[in-house]
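Have a look at the structure below, then the notes.
By letter and in written order, the chains are A, B, C and D; residue numbering begins at 1 in each of them.
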Amino acid sequence: MDELILGKYNYWVYVALMMIGFYAVIAKPNLIKKIIGVNIFQTAVFLFYISIGKVEGGTAPIVWDQAVHYDNPIPHVLILTAIVVSVSTTAVAFALIIKIKERFGTIEEDQIRDLRRTPTGEET
Amino acid sequence: MGENIIRRTITRLMVPFIQLFALYVIVHGDSGPGGGFQGGVILGASFILYAIVFGSEAGRRRVPAPVTDVLSSVGVLIYAGIGLLCLLLGSAFLDYRALPFKDPHLAGHYGIFGIEIGVGLTVAAVMVTIFFETAHRGEGGETRDG
Amino acid sequence: MNEPQLTPLPLLLVFIPLASAVMTPLLARIHRSLAALTAQVVTAVSFVLACVLLDRVAEVGRVVYWLGNWEPPFGIEYSVDMLNGIVLVLVSFIGVVVSVFARESVASEIDEEKHPFFYAMFLLLFTGSMGIVVTGDIFNLYVFVEISSLSGYTLIAMGRNREALTASYNYLILGTIGATFILLGIGHLYMMTGTLNMADLAKLLPPLYKSRVILTAFALFTVGLSIKLALFPLHVWMPNAYTHAPSAVSSLLAATGTKVAAYVLLRVMFTVFHPNFDLNVIPVTRILLVLASIAILAGSMLAIAQTNLKRMLAYSSVGQIGYIVLGAMLVNRTGMTGALVHIVNHALMKGTLFLAAGAIVYKTGVETVEGLKGMGRKMPVTMAAFTVAALSMVGVPLTVGFVSKWYLALGALDAGMWYLLVVILASSGLNAIYFWRVVDWIYFARPSKELESVPAGEVPWSMLVPTIVTAGLCILLGVQADLPVSLAEQAAGLLVGGAH
Amino acid sequence: MIDILLLTLLVLCALAAVEMRDLLSAGLVLSGYSLLMAVVWTRLNAVDVAFTEASVGAGITTVLLIAALSRTDRGEALVSRTRREIPSLILILLTGAVLVYGTLDMPDFRDPGAPAHHHVAPRYIEGSAHEVGVVNMVTAILAAYRGYDTLGETTVIFTAGMSVILLLRRRKQRG
């Protein structure tokens, strides 16, 4: 039983984090809170990848004469790219939220939906 | 007010060191952790720090919008250009071994050096752009005090 | 099959738009009009290269390129066969058409000082789409999915109404969830195989088909791609996005965005995974057939209820995506041929309809379906193009819409699923209802007071010609269906040839 | 043991960031979450990734979040929760169930025999130094073996920059 828990603990934590992030994305009406959720959702996946790369007794993947095993560097590389994608998406999302605040006056999804039902014909 | 002066002086002293560190990180990605992206972020952050302390007007005077706009493109073009150069020299796109150096290791080394510079430039320029566009409100260039 | 041929052609299809996109803001510093021109030249060059590439593929079967000269699976490989060869030609062709149309349309919808960045973004969307289609590496695919997604979100947000912002935001949220699912699916595949190369995955996966990790990976891919594909019920981002985006952007997205996602779905389901996996290991084809049938009927019915023209077209796309998925999930050669032909045909039809809608907005400002009353007298050529595409949507013989439906129906019969014919016929009936209503209004109704005051006349040539060209192809490829059908048949053979 | 503690702390941080009503506090907790994540990754020997997460997740993202908050609202509105919560929870539990189902057949964490370490990775580990001439394998893959992905990644960054300019830059930008 111990073996089962320890052997998979990282993977279960990633699932838990993913569910927490996903919950914020779909259940929270605040647009910024949703982005916080997206960030947790994405980093959960990153944790999954990095956990794949770890090898028992491995050292960091930098060539070193005393190293016996190295950890798998591929997941590290992929996640570096994914982190960049994630921060790019976040930046665009914040820009959109700022514009939404400017033109709707709120960043709460419910209030925006009410505003859209009664169009004011607002233009730039 | 006195506290403000101290803060500004410390920032003024720190920014060049942060930038030096950023360059070190960009250049030394091949032997230790770091590389173009991380160095670029730190370089960008040094300007962001400056802008937070001295206000975005002053910050933008240091790195005007046209400069960051051009540099964002230039960084990617350096990267793509090195790739194209390898193609034109008769090998595949981004095959550094085709670069005209005697030792293929040296070619790889310089090729990677080149693309890391490209990545660092684009990342730093874009980070600065994103920060200023996000933090800057209205025409007046109101300062955000950190 | 011959040995795959190594040539840099596939690379150029992505490299040229990428480098040009990055250069566009610089070129525009020299002269403003260079931005639009760059987009036109680059898409045109890409189209020519894609045609050359397709010709080469027809000759040798498969063309590959090893980036950095690292042999697969160690490096990233570009790999083009008949399937993505066709999609590349299609995407680049629509790129040309829309970028020609865009110049005047964008000039009227976007502030001038934003043009350089707008066209850079337009080319990035194009780059992303081409990169997705051409790659043989599944992580590289994710990177280009993100390039096209990010540029897509921004381009949609450039619409004039404030609703464009919320449409863009909702698409960003759903799109990011979809892309993250895809990323997680890639992680699952990598965990069990140690490779990211699609061809290599196809070789390594069969012994693992019973593994729960692989089943989860497949589920993640299916859900993630269905979001990008706007497959019912995950289509919710699409109607608002297409309605509020600038005309040129809705045309490009409607004609290529979902098609590229459909391509990826086929690639993952039938190349990375073997058709036998889809048929025998899990009942995914059954589930998707049901969803596709619901999409076809629900999309058509929702389209009838719409008052906004672009929104009506968007809901109609929900149904048309259903056709593509339906044909593919029959997992036989005829049905797959129908699906592939429909990818091309729907791009042409929906492209024409959205271009015409854009032309109407440009000329008259009309955005509603009802506003089309009497439009036939005001803009006869644009409306003729619109009508051709509308008839094609219904599936009238001698149009491309008929060709697709013919093969889809035959495929359903081949699979022994005659009841799907009912779905196809019913939706054709529904399409006929809403498009006939529109055509009737265009030609036989009295124009509203506001429209009465607009002088008759067409949009500028640069907007009219693209609309005519796509409408013309709706007829030409409907009459001369041999070429697209024979190419699609070859591609279908690659995908489902070994299914049983 | 310390790893399990860190991971558990991560989950708590995530919950706090999601549930806090004051968005500035939530952002700061998120920043702490990123730093913790960087620590976890350092312990998994992913030093490059940890470095990046610390500078991007804890640094840049937080600065952007604060900047965005200064132009929007800092507090989250109180809403009737029941309407969304039940369907959301069902969807999340379903997703979680699928993902946990997937973990059941996964090779154990740290298992050196896992297939991921035996196909492509050994070539990179062997080859970085003599094929590419770089001792940091992450850099060797990033810049050489999979250098094309990194060009794509730089393009993503460029796209983000252009996006923010298109969305937020004001008409009169002198200079």
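One rule holds in what follows: contacts are C-beta pairs under 8 Å (C-beta built on N, C-alpha and C of every residue); 3 or more make two chains touch, one makes a residue touch a chain.
On a predicted model such as this, the values are computed, not experimentally measured, just so you know.
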item	value
Result of counting contacting C-beta pairs for B-D and B-C, higher pair	B-D
Rounded Å distance between chain B and chain C, as computed from the means of their C-alpha atoms	36
Averaged-CA centre spacing for the pair chain D and chain B, given as whole angstrom	21
Whole-Å gap between the CA centroids of chain A and chain D	5
Computed distance of Cα centres, chain C from chain A, in Å	28
Touching two or more other chains - residues of chain D	47-48, 52, 56, 60, 64, 67-68, 71, 99, 103, 106, 114, 116-117, 120-121, 124, 135-136, 138, 142, 144, 146-153, 155-160, 162-165, 167-169
Chain B, residues touching no fewer than two other chains	31-33, 37, 69, 73, 76, 80, 83, 93-94, 96, 130, 133-134
Sites on chain C at which at least two other chains make contact	18, 22, 25, 67-68, 139, 143, 146, 150, 153-154, 157, 190-191, 196
Touch-based graph of the chains, sorted into line, ring, star, complete or other	complete
Residue ranges of chain D in contact with chain C within the complex	98-99, 101-107, 114-121, 123-124, 144-149, 151-153, 155-156, 158-160, 162-163, 165-167, 169, 171
Interface residues, chain A side, partner chain D - complex	3, 6-24, 26-30, 32-33, 36-37, 39-40, 43, 46-47, 50-63, 69-77, 79-81, 83-85, 87-92, 94-99, 101, 106-108, 110-111
Chain C to chain A touching residues, read off their complex	139, 142-143, 146, 150, 153-154, 157, 160-163, 165-166, 168-169, 172-173, 176-177, 180, 183-184, 186-187, 190-191, 196
Touching residues on chain B, where the partner in the complex is chain D	29-35, 37-38, 41-42, 44-45, 48, 60, 64-66, 69, 72-73, 75-76, 79-80, 83, 93-94, 96, 104-106, 108-109, 111-112, 115-116, 118-119, 122-123, 125-127, 129-131, 133-139, 144
Of chain D, residues touching chain B in the complex	47-48, 51-52, 55-56, 59-60, 63-64, 67-68, 70-71, 130-136, 138-140, 142-144, 147-148, 150-151, 153-155, 157-158, 160-162, 164-165, 167-170, 172-173, 175
